[in-house]
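Below, each structure is written out as structure tokens.
One chain, subunit A, links the two complexes that follow: it is found with subunit B in the first and with subunit C in the second.
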Partner chain A sequence: MRIILIGYGVVGQSLTDIFLQRKIENLRNYGFNPKVVAITDRGGAAINIKGLDLKRIQSIKKREGTVAADSVFGHRQMSGQDIIQSIEAEIMIEATSTNITTGEPGISNIKTAFNTGKHVVTTNKGPLALSFPTLIELAEHNKVLLRFSGTVGGGTPILEFAKKCLEGDRIKEIHGILNGTTNYILTEMAEKKVTFEKALESAQKLGYAETNPAMDIDGLDSAAKVVIIGNWIMNKKFTLKDVDIIGIRDITLNALEIASKKGKRIKLIGSIDGKPTVAPKEIERNDPLCVNGVLNAVTFVSEYAGRETIIGRGAGGIETASAVLRDLLDIKHHLANKILS
Partner chain B sequence: MRIILIGYGVVGQSLTDIFLQRKIENLRNYGFNPKVVAITDRGGAAINIKGLDLKRIQSIKKREGTVAADSVFGHRQMSGQDIIQSIEAEIMIEATSTNITTGEPGISNIKTAFNTGKHVVTTNKGPLALSFPTLIELAEHNKVLLRFSGTVGGGTPILEFAKKCLEGDRIKEIHGILNGTTNYILTEMAEKKVTFEKALESAQKLGYAETNPAMDIDGLDSAAKVVIIGNWIMNKKFTLKDVDIIGIRDITLNALEIASKKGKRIKLIGSIDGKPTVAPKEIERNDPLCVNGVLNAVTFVSEYAGRETIIGRGAGGIETASAVLRDLLDIKHHLANKILS
Partner chain C sequence: MKIIVMKFGGTSIGTGENIRNVANIVRNSSKKGDKVVVVVSALAGVTNQLIHEAEELTKGKEGRIQEFVKELTEKHLQTIDIAIENKKLKEETKHSAKKIIEELEKILIGICYVGELTLKTKDQVLSFGERLAALIVSATLRDYNLESQYFTGKEAGIVTDSKFGEANPLMNFTTHQVIERIKPLLKKNVVPVITGFIVANQDGVLTTLGRGGSDYTATILGVALDVDEVWIWTDVDGIMTSDPKIILDAKTLTGLSYGEAAEMAIFGAKAMHPRALEPVIKKHIPVRIRNVFNPKNHGTLISEGAKVESKEVVKAIALITDVSMINIRGAGMVGAPGSYAKIFRILGKNNINVMMVSTAVSEANISIIIRNNQLERAMSTLEIALLGRDLANKITSEDDVCVIAAMGANMKGSLGVASRIFSAVAKKKINIHMIAQGSSELNISFVVKERDGPIAVSAIHEEFNLNK
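After this line comes the complex of A and B, so read on.
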């Protein structure tokens, strides 16, 4: 299975870690033999149609900052688009950064992959948040698969849980804490009685929040995940602009205290229950959904199986890379059984 | 798909409810058309090789107490064994009561089904707790499938989660609250400061605990689930006699209080982490595993995806029947793709 990896940040590098660790042992048990034929980053690309030596590429990336610095296989002038168009491969992994306004370069990368007959695994939420229905249609039209387990819940298989484990049932509602940064901030505020600003500062110090934290605290990241869950799991067709979004900037210590006195906590909840929404809500402290720190949690309410909650870390390089690995294995199974959906 | 249903208690009746509700709508979406050709209960059997009228059977069961009372299709003298041996069907559903000492009649029913080429879905823990490795081998030998999602977690897809959602990863440890009755008792004791005896009484009044509650409170039910999880998910070969089991009879209010002061709760935890065990343990109140009331929760610790917890009700007729439905759909997929494992 030939793979093009576009974007070589934390997730991409963790994925090559897993490939290296697992190459000899378990992966072969799945009849899965990944061959990475090209990797791109902001500095250019490294290409070897016989399969890159991942150990070599990793050390060049570490030393030089870009895979394009490889003296034999490096190409400073080649972009992701160039690679996807010109290099043959079965799969393109889109692991560039999320841009929630334009979706680029993710959207173009995914479209080009589809047009050249490649299956796509993406960890980039931007393209899906802005164009989910279009991208799914385009994949079907081109008879290729689109997978994106790493976009929701990091390594926690939230999408797969709903899709593979609740078959035959009907999911009626979904409610989730979908963003670890905001959950960390709200937990700090509630437990240590610090202000929003102080808690945000602490999140930034620990590397949980970006220098520009708007995407998290204004609820956009959660909303992107609501779009992905709603489209994929509940077959609803909508995009980011259809989600009612309220962030956590205005949550006061006083509001948290009032909730606490009622045995409740305020959490930023993404919901698909009628209209898709993201908003701070009071939930019972004993509710399984009420997790603390950077944890994510999603509750599915289904017709027969009832109310089920899945909890895990929502981020992390190796965790998200493990989701990419699952997507790759899933595509492999589909191809083996010739099921294209 | 022709089905023989052995045992027509709460789960069996809920399953026919689902078949009736769903017949016209969604099930056809899955290309799944179940035809129940025989149902047995303690009074005998009802048989129609063209497919029983489930509405009619349900009302006879309600009115007469046994399906054998059907004037046209009833057979007072026929046992489960007779039916499995003589009636053609693709699938036998084993839904008789769990006997944790002998495993019967479950074990014999399952073996006869295998020997006559039938796939098996069981909600009965007894046969698996006592003979998991043997039964799996026997299924493979006869080239049929054995499924048992309803034996762990009721409707909560705990087994499927590990099997289908953590592919490519390596599960290192599993810890779970696997029995709702004991969890209810421990929650009552901790929250209402009542003695073990009082809490047990209240569980019995609410129908959570049997008149003879030994199987729950002595940890046997949890241990049976540990056997099933360990064999199926972690590929360990062991049976009930290999599990170290301590129940909750000796938990005092004082012990709960001491734990509480440390921000912890005492829960009956089944673990597979080296040696399989069931024992009361102190866990952090903030740990996602620390659920209350009749809820079940299982934490999987895996190499890449990290620590993930799944929470849901561990019992209930309709919930467990929904697990049977998922198993039936899973078998259907396997047959369609000719994958026998």
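After this line comes the complex of A and C, so read on.
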């Protein structure tokens, strides 16, 4: 299967690690033989229609900072758009960084991929948060598949759990801790009695939070995930602007103290229960949803099966890359059935 | 007196000098009392320019039209300047050429504004190359004091179905019209010059003959007029025993059967497309491939009885490069009805043409030869569909191979041909990767590494004394 990888950051690099480590198992167990025909990063692209040597590309990326430095296969002038337009492949993986205001370059990359008949796996939340219904419609119209397991819960199969394991039941509400960074900060504040600023600093030191942490602490990242879950699992058509969002900047130690005395914890909760919201809420300390540190948790309330909570690490390069692998295998099975039908 | 259809390709009429050479050839036949019907392609390079321009214009770059029209006009006017000596005739022809190009310009502007190029419109655009060539060649014949008139294939009476881009002739209708329109001219000693490739459907809408092109027009006219021979004038002496670039002492074949000629289509542009041979096979009209730059040579005669002339079983050897071999292995295919069908359906759905196939009776593997530029798509699709589902457990490919095809009608029923071929190759210590022989027995094909190709061809060429 020929793959174009757009964006070669932590997730992209972890994915090539998996391809290299799991080559034999992937082929033997799933008949999956990925050939990465092009990789792009901020410096340009590397292209080989016969499949790039991933070991070589990884070492060039580490040494030179960009895959375009490859003396044989590198192209400094080529953009992701150029590649998607001109290179033949079955799949485009959109792994550029999330832009929650414009969704670009992700949205354009995905549209071009659809237009040229490529299936898409995205780990980029921006395009989905801003135009989920549009992208789903375009994918169906162009008869290609769009997969995005890595956008919610990292490696934790939150979307698949709801979509496949709860098939047939009606999910009425969804509540979740969808952002590991804010959960870490809130946990630190509650347990070590440190201020919000101190906890944020510590999160940044550990690499959990970005230098510009607004996306996490203002609740935008959680809201993007609410959009994805709501559209995909509950079939509600809405985008980021429809979500009421309150972040955690104004949470005081005092508020945490009061909650604690009631046997509760304050968590940043994304909910779809009627209106989609993201806001800090008090929850019972023994609620399965009440996880600590960087963990994520989502509770599905369904008509017959009742409440199920799924807990796991919500981020990380290798975890998210494992979700991409799941998506790729899923597409492979779909394609094989289609080709042979 | 013979009636001969002569087709001249793009290189034969590539320059003014070449067109005079063509006129001379026609005049010489005329002097001998033969009646000649001329079929022409567009001037060398023009067809590709027209397609390219029309495709670019769908992107709406109107500015290019002027420059292109200027370039095209200059090319044809320069050709006229050299081809025609008579001043009055020269000016008349230039005027007509400009008129034709003006018409083209309008269509190009239309494409630019509409922003699309349907097969129907494409056929229209393409027709201008041949129309200009027919005008110039006909005028040059007149410059040589021959009576001549030029026609499009449509005006000559060729009628096809409406499959734009690859139309099929309605032979009986065509024959009726061609006899009515062209035969009287021959009686009056007029040389008709007819555009190749360009024809029309029953409503008069232009169509093109697609693969086979101008050669096809020549054979259609040959059959309609029931001519004695169809001559395809090209820039080589005829069909050769092998590619002279590989085998320096390759010889021109004097005679070939229709079946052999069809097999040799894989030699490339120098041989005729089997589609173009179809009409003449039924009517037993001989076709001769001749060299416009060496008219003394009689070329290669393709006809019904030609095969008996040769004693040797192998007549020609082709080397086909730019191919890849795919090997599909898996115990799952053994005794499973439909497993090969699946493979071919997958490739067919993806527009991948299978050139050669070989399987063992054990059914555990199949080898396929396809064009190089389709390898990546073929491999990817086959892997997605077959791997991981008990249909195949290993799919590999080799892109450094070539196919060698040994051909000859006398192979049929001859013993030991394969043994001679493979012994000759084995003596050069060349390993054979795959073998196929069709039930027609006109051809044995096998696969070797690309680097061994020329050596193997030359070994067989020697074994069958083709250089003698």
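In this section, the second predicted complex is superposed on the first by the 336 of 341 C-alpha atoms of A that agree within 3 Å, B and C clash if a C-alpha of one lies under 4 Å from a C-alpha of the other, contacts with A are read in each partner's own complex, and residues count from 1 in each chain.
Keep in mind that, in the parts below, a residue touches a chain if its C-beta (ideal position, glycine included) is under 8 Å from a C-beta of that chain, and two chains touch if they have at least 3 such contacts.
Computed from a prediction, not measured in an experiment: that's the story for all the values here.
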Decide which partner touches more residues of subunit A, taking subunit B and subunit C as the two options. B
Which of subunit B and subunit C A:Met1 touches, first, second, both or neither: second
Give one of first, second, both or neither to describe whether A:Tyr304 is in contact with subunit B, with subunit C, with both, or with none. first
When the two structures are overlaid on chain A, which partner does A:Gln13 contact: first (subunit B), second (subunit C), both, or neither? neither
Based on the superposed arrangement, let me know which partner A:Cys165 touches: subunit B (first), subunit C (second), both, or neither? first
According to the stated criteria, A:Thr96 is in contact with first (subunit B), second (subunit C), both, or neither; which is it? neither
Which superposed partner A:Lys50 touches (first subunit B, second subunit C, both, neither): second
I'd like to know which partner A:Thr123 touches here: subunit B for first, subunit C for second, both or neither. neither
After superposition on chain A, the subunit A residues reached by both subunit B and subunit C are 27, 30, 32, 339
Along subunit C, where are the residues that touch subunit A in the complex? 342, 346, 349, 376-377, 380-381, 383-389
List the residues on subunit B that touch subunit A in their complex, please. 18, 22, 26-27, 30, 32, 155-157, 160-161, 164-170, 286, 288, 291-292, 295, 297, 302, 304-313, 316, 318-319, 321-323, 325-326, 328-330, 337, 339
Spell out the part of subunit A that touches subunit C in their complex, as residue ranges. 1-2, 27, 29-33, 35, 37, 49-50, 88, 90, 332, 335-336, 339-340
